[in-house]
Amino acid sequence: MTRSTDQPHAVLPEWDVSTWLNTPVPISVTSLRGRVVLLHTFQMLCPGCVAYGLPQAERVHRTFPASELAVVGLHTVFEHHTVMTIDALRAFIHEYRWSFPIGVDAPDGLGGPSRTMARYGLSGTPSCLVLDRQGRIRLNHFGQPDDLVLGALLGRLIANPDAPRQVDAAGTPRSELAPQGDAVVCDPAGCRMQAGGRQGSTRTSP
Amino acid sequence: MTRSTDQPHAVLPEWDVSTWLNTPVPISVTSLRGRVVLLHTFQMLCPGCVAYGLPQAERVHRTFPASELAVVGLHTVFEHHTVMTIDALRAFIHEYRWSFPIGVDAPDGLGGPSRTMARYGLSGTPSCLVLDRQGRIRLNHFGQPDDLVLGALLGRLIANPDAPRQVDAAGTPRSELAPQGDAVVCDPAGCRMQAGGRQGSTRTSP
Amino acid sequence: MTRSTDQPHAVLPEWDVSTWLNTPVPISVTSLRGRVVLLHTFQMLCPGCVAYGLPQAERVHRTFPASELAVVGLHTVFEHHTVMTIDALRAFIHEYRWSFPIGVDAPDGLGGPSRTMARYGLSGTPSCLVLDRQGRIRLNHFGQPDDLVLGALLGRLIANPDAPRQVDAAGTPRSELAPQGDAVVCDPAGCRMQAGGRQGSTRTSP
Amino acid sequence: MTRSTDQPHAVLPEWDVSTWLNTPVPISVTSLRGRVVLLHTFQMLCPGCVAYGLPQAERVHRTFPASELAVVGLHTVFEHHTVMTIDALRAFIHEYRWSFPIGVDAPDGLGGPSRTMARYGLSGTPSCLVLDRQGRIRLNHFGQPDDLVLGALLGRLIANPDAPRQVDAAGTPRSELAPQGDAVVCDPAGCRMQAGGRQGSTRTSP
């Protein structure tokens, strides 16, 4: 189970989204302060995202009240840039009926991982990040966390509306990814860049 | 999602267990005060218990720290009394490797539902009850609750170690079951007594 | 179970494929005569194809010897033409590791269902067609047939190497689809054109 | 895939059943000659039987016409003899709604594996045996065969109504099991006697 401690947690920096879908207005990380956040990063051609990650994000979106928890998707492309376009993503969302807001992570213009993915130091897709009401990172998981474990973490964070409001502005994760699209490996769990130093397991912020 | 309110919750009365398995010492409801409790009631010949309920109880047992949450099984026989004996249950536990404590609910001696099952007014198996740290009933679900929903409830209750300690001693559920073993119907969700007034959906204590 | 009869079966007409992937040489219906054929028609953005149909085709491809049975995929686009391009399909095949030959059904140039899809009168995706060694249609199923039922049909057809060689050249299915891309409905079973008269169940050629 | 050859196959000897359930009259191996037979051997407290083997036998029973294929269950007890009684089995069949004929394999009277289990040299439960129309063993599989593979075999055997009628009366499998109930190991695949020499994979009769 994911445990809480009294140690400081890094606050998630802003994302850099070029286009928003499934929402009438753009969403910022800051605007979600006060609610628990599930950030699901994915690619539409990532088998593990389609089979497990996105359905879990949708389940969370439908299970928890919007006043307590926000689910946000982020399309973080790091391969096959020419075919995973905004139009393709729009068709994908239509066919699969994803109902939560989804942002298109801004491309780096060089064919590497998209900007926010690099900024957050994510090693592949799907990645599941959970923020508490202060915007602090409480889970950073490559692959799909277990429903029971994820539910427990979300329930715990929702139950703490009066947790201290001071946030830890330091500790922003550094990019650990070189922009090299070739070395991508997909397996049932997800798609990863081999150059990424983080090997796909949960990192719960202490 | 299961929501909390400020309304009083009934405290679960003591169970009446004739034999304990998987534990060196008997367990009382009172002895668990201070921890969140998942009580899983089942019959070894109930298909829904074997396929869904018991595996979920085992997952919860393995996921949460014992210092925060206790999982207890209760073998509540209301049909086929002559074959669902303690020896048969012991073989069943051995084969399926259930690792949490399991109590044998005391038979009523008349061939009807076992005593605690009647005392708690349970309509069939599996039933999943969740108690908060004060022993109050926060979930009473016939069938298997969703992992995400159950996880959220458990996480929320674990996160509230300082909730008010005063307990509501009233409101004990009355028996609603007549001791008539004939009218039992099993489907994939579970086994129910048809005379039981409660029709198998979740009752979250308000 | 799918039953055989002595009635004549229509021989599947040739498909009209613009590009082949996963095969060094183009494949014609005629070239497969003498082997049992599983033809799986799909779209890369059809949820039912990705979750059920394509994995089943892959299982069949890996289970049966190539000398007895050929699995062929056909990308039959009838919606979202601008994003389901050959390059997108190539990336999709790469990520999901589909290993059987896949043909791109020739577009009609008008934005309607692709040519072979119209020629065969298919109402949506996925569709599963099974041909016997004489190229006759023995199963035409919208959605995913049960593994046990499909296995039994394939086993039966493989076991009949000496079935009569005369083929029924008549009975070619007529198109039943108007080229109107708007009225597409996807559900877990697959994606259908609403104007299509055939409502998604198995049609076993008698 | 299971392949056929021209080599002789052993004919399954008669079973030794003490009680039949789900059938008005006793069934002999000989009486099934002319039909394909799926024999599913199980124990009611074997997790792999309950989760996978018995549901597959039920699916086969419901899928194929009775005129072509017979499904027979055989309760082959080799552990926990005192609780896996006929009354317990009857309750088990009632609760799970198994609808095919089930025979109780005659106990050896010494607490070891039941008689037919020993006669057939089966190493554990579940075991799946398939007989062709001449009563010859075409599959002897410990655990659950894949639906696609099993379906293909059954379809192939059903399709060969005119296969040679002469049977190979020799080659009866010898018992390979010592009657020692202690060394039983259950895992998700099934329950095995450790002294049994055959290690749990498919043995397709050549």
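Read from first to last, the chains carry the letters A, B, C and D; within each, the first residue is number 1.
Definition applied: contacts are C-beta pairs under 8 Å (C-beta built on N, C-alpha and C of every residue); 3 or more make two chains touch, one makes a residue touch a chain.
Keep in mind that what you see is a predicted model, and the values were worked out from it rather than measured.
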**Message:** Which chain has its C-alpha centroid farthest away from the centroid of chain A?
**Reply:** D
**Prompt:** Would you say C-D or B-D is joined by more C-beta pairs in contact?
**Reply:** C-D
**Request:** Please compute the C-alpha centroid of chain B, do the same for chain C, then give the distance between them in whole Å.
**Result:** 50
**Item:** Between chain D and chain C, distance of the C-alpha-averaged centres to the nearest whole Å
**Value:** 36
**Prompt:** Listing for chain D: what residues touch at least two other chains?
**Reply:** none
**Asked** Okay, what are all the chain pairs that touch?
**Response** A-B, A-C, B-D, C-D
**Of chain C, residues touching chain A in the complex** = 45-47, 50-51, 79-80, 82-85, 87-88, 91-92, 95-96, 186, 191
**Request:** Sort out for me which residues of chain B touch chain A in the complex.
**Result:** 1, 3-4, 59-60, 63-65, 68, 146-160
